[in-house]
Amino acid sequence: MEAFLHQILSGLATGGIYAAIALSLVMIYQATHHINFAQGEMAMFSTYLAWMMIDAGLPYWVAFAGTVALSFVLGVLIERIVIRPVEHAPVLSVVIVFIALLVILNSLAGWIFSYTIKTFPSPFTWEGSQNGYLSPHELGTIGVTLLVLAALFLFFRFTSLGLAMRAAAQNPVSSRLAGIRVGWMLALGWGLAAAIGAIAGMMIAPVVYLDPNMMAGVMLYAFAAALLGGIDNPLGAVVGGFVVGVVENLAGAYVVGTELKLTVALALIIGVLVFRPTGLFGRRYVTRV
Amino acid sequence: MRMAGVIVTIAVLVALPFFISDYRTFQFTQAIVYAIVLLGLNLLTGYNGQISLGHGAFYAVGAYTAAILMEHFGVPYWATVPAAGLVCFGFGFLFGLPALRLHGHYLALATFALAVATPQVLKVKHLEAWTGGVQGIVIIKPDPPFGLPLSQDRWLYFFTLAVAMLLFLAAWNLVRGRAGRAMVALRDHPIAAEAMGVNGAMVKSTVFGISALYTGIGGALGAIAVQFVAPDSFGTFLSISFVVGIVVGGLATLSGAIWGALFIQFVPNVADQISKAAPWAIYGAVLLVFIYVAPGGVAYLLSRVWGKLRG
Amino acid sequence: MTAPLLEVESLDAGYGPTDVLHGVSFTVGEGGITTVLGANGAGKTTLLRAVCGLIRRRGRVRFGGAAIESKATEDIVRLGLAHVPDGRGTFVQLSAEENLRVGAITRRDRKGVAADMERMYGYFPRLRERRHQQAGTLSGGEQQMLAIARALMLRPRLLVLDEPSFGLAPLIVRDIFAIMRTVNREERVGILLVEQNAKLALELADTAYLLETGRVVTGGPAAQLRDDETIRRAYLGY
């Protein structure tokens, strides 16, 4: 029983990471109706930036803040430079551009930082917090995820920039007619997604270690999480993330064994897509014509 | 005129191995294998508009089918090729059935997940007796039949070339005929096509099956040429390089498969000398350039140049 | 006679390679109401889109003295031109109140926005009742009211309306037209109105133009068009 509880709790902790990445997928999906296949590599690259700053002697939280800010800017730039030209192109072109972005970021990271595996520090290592169930880092990860979700909720709900972003995502033409600069709103969406991804990367790097391919598996779970929660629903994505984390852990421990855990994600993705494309919490909007 | 081009191409391909080393011949064999795969992927993505980022999985199934049949059942190498094709057709058709309900990004996502999960499935302990687990399976290179005075590499080249020509001919017939029109119609105007009596579900999952069949045959031939199969050769990046191949060659063209195959076979070889990361950086950049500047790929560029030359 | 609020001169516009409008010229006076009449497909919606910079256009467009023919829609809107598009352009997933906030999103005066919100609820009490409801669930008439209110939240100098009566019950149409008249009289908001219902439009407007296959065939004081025999027969039906 003890072991079972432990599996659930540590599932929640990895689930927090999936939730964060799923959240960044939702950001971009809401704004552009595209699934960003390069999200994981963007997060990986951000984590390398953090590693560089920490390696240069910056305190952890300074590096953390610096990375989030820098990732935001990079996200905006990627949208402006790489994605903008295919804004109105067919889906296939968009998917290929995402794939290009994925391999470019991956190889760039390998080129600049080498493929050697690096350790990455966790900020949550205080003494005496070991309660037997969750490590301080796992607790910290869950906390950070919930904080990010809360901050996003407040931003979208109560600020006029948040409202403008939601409006631009829903109805670009009407938004322009209200004076909203829609193109910039999409770029901001990318910036936010990149920033959230950076946080997720910094949270998972202490667990999976830092290397250019660290996100491959994580991405798959994040996709599953986003789909499970409904790809246009931020709250759903977070719940989906935690659910997937727990399911992955339990399945790994008791059903398929750790070596087939990725297959669980594959099955979840295809299962959700085929049987419940709107996800568990996907909203269907009623529209009168 | 076109016919002449085809004849010249075939003549060059047949003569080629007699002018180059065994190692180069092996590389060209690999390129032909890729051409077969790209042909299959292009039928699906280019002609039928279904995006697959997971064809590495079918390639793996074909490769393993061939390896297991040879290793455990003593099946001759040439017989494993059609067997791999049939097995992959089955897999592709079955995967295509649920995939029917997915459009655009979602299909890309499902197939991407397939690509990511493939190496792990191949490593599974329960199948280790068959697949050799992480170690994989070593295959013995076949000798030329009838005492032909050819090296093993050259023989395999001709064998692969013959299979490829058959498959190109089949694909050509397919896209030219009724089936081809149905595929393109479904890609461009799905609702209208259904209204005109095209059975969308049937056509799409059959195309998925055929596409997997091509890819599986490629996988089997590739395994025989490389003499080795192991899980980590079939990761996400293999699937991505196939996508690179069809984009570079040109979507919805048959000749594009050749250009794309030459690209993914030889460019990494050259780029590798700069850095381990360089091939992929180049792939990424080339993808962007083709999408932004020349969405029709090399095949389209060549036809433009050809048109200009003729006035 | 002061300079007109909106002055359009030999405007060509269209979609893709084909022009729909050919050399269209018209004006809206400061605080005036101009209506553009015409049959289906005459190019009325295209005209409004061209003025707002939503489509490719060529020609001269001056708004409040500034040339806007090469400005982006967002910038034109920020000069005080509010457009109620055909189909109403509702943000269906936002609440009614959020729709109104979007309308005022370029404004920085919080107090003024809050006051205007109250004013809109005064014009359209139905919207107050439904303020927290998802806008997509409102009825057609309510969505039209919401669209007009959203446009007015900009505090525009010119209100551009595309077929506000389309598909609505006569009673609601009467309400909406009454509010347009109020807004025009009390706040001196200029109005450019495209309407199928020529009778109503001509009663409201001071100036009217008739558009046929992308060309202005006649224009002048609304009263004059109202009395014109051929127009009456073709567009007013009596």
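Chains here go by letter, A, B and C, matching the order in which they are written, and residues are numbered from 1 within each.
Heads up, the rule we're going with is that a contact is a pair of C-beta atoms (placed from the backbone, for glycine too) under 8 Å apart; a residue touches a chain by one contact, two chains touch by 3 or more.
Fair warning: this is a prediction, and the values are worked out from it, not measured in the lab.
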{"item": "Chain-level touch network, classified as line, ring, star, complete or other", "value": "line"}
{"item": "Maximum centroid distance from chain A, chain identifier (CA atoms)", "value": "C"}
{"item": "Distance-to-centre winner among chains (Cα means, whole assembly as reference)", "value": "A"}
{"item": "Result of counting contacting C-beta pairs for A-C and A-B, higher pair", "value": "A-B"}
{"item": "Whole-Å gap between the CA centroids of chain B and chain C", "value": "57"}
{"item": "Centroid distance [mean C-alpha coordinates] between chain B and chain A, Å", "value": "32"}
{"item": "Whole-Å separation of chain centres (CA-atom averages), chain A against chain C", "value": "43"}
{"item": "Residue ranges of chain A in contact with chain C within the complex", "value": "160, 163-164, 166-167, 170-171, 173-182, 283, 285-288"}
{"item": "Chain B residues touching chain A - in the complex, by the definition given at the top", "value": "45, 49, 51, 53, 98, 101-106, 108-110, 112-114, 116-117, 120-121, 123-125, 236-237, 240, 243, 247, 251, 275-281, 283-285, 287-288, 291-292, 295"}
{"item": "Complex interface listing, chain C residues touching chain A", "value": "52, 54, 73-74, 77-78, 82-83, 85, 89-94, 98, 101-103, 105-106, 134, 136-140, 143, 150, 154"}
{"item": "Chain A - residues contacting chain B, complex", "value": "33-35, 37, 82, 85-86, 89, 91-97, 99-104, 106-108, 110-111, 115, 216-217, 219-220, 223-224, 227, 257, 259-263, 265-266, 269-270, 273-274, 277"}
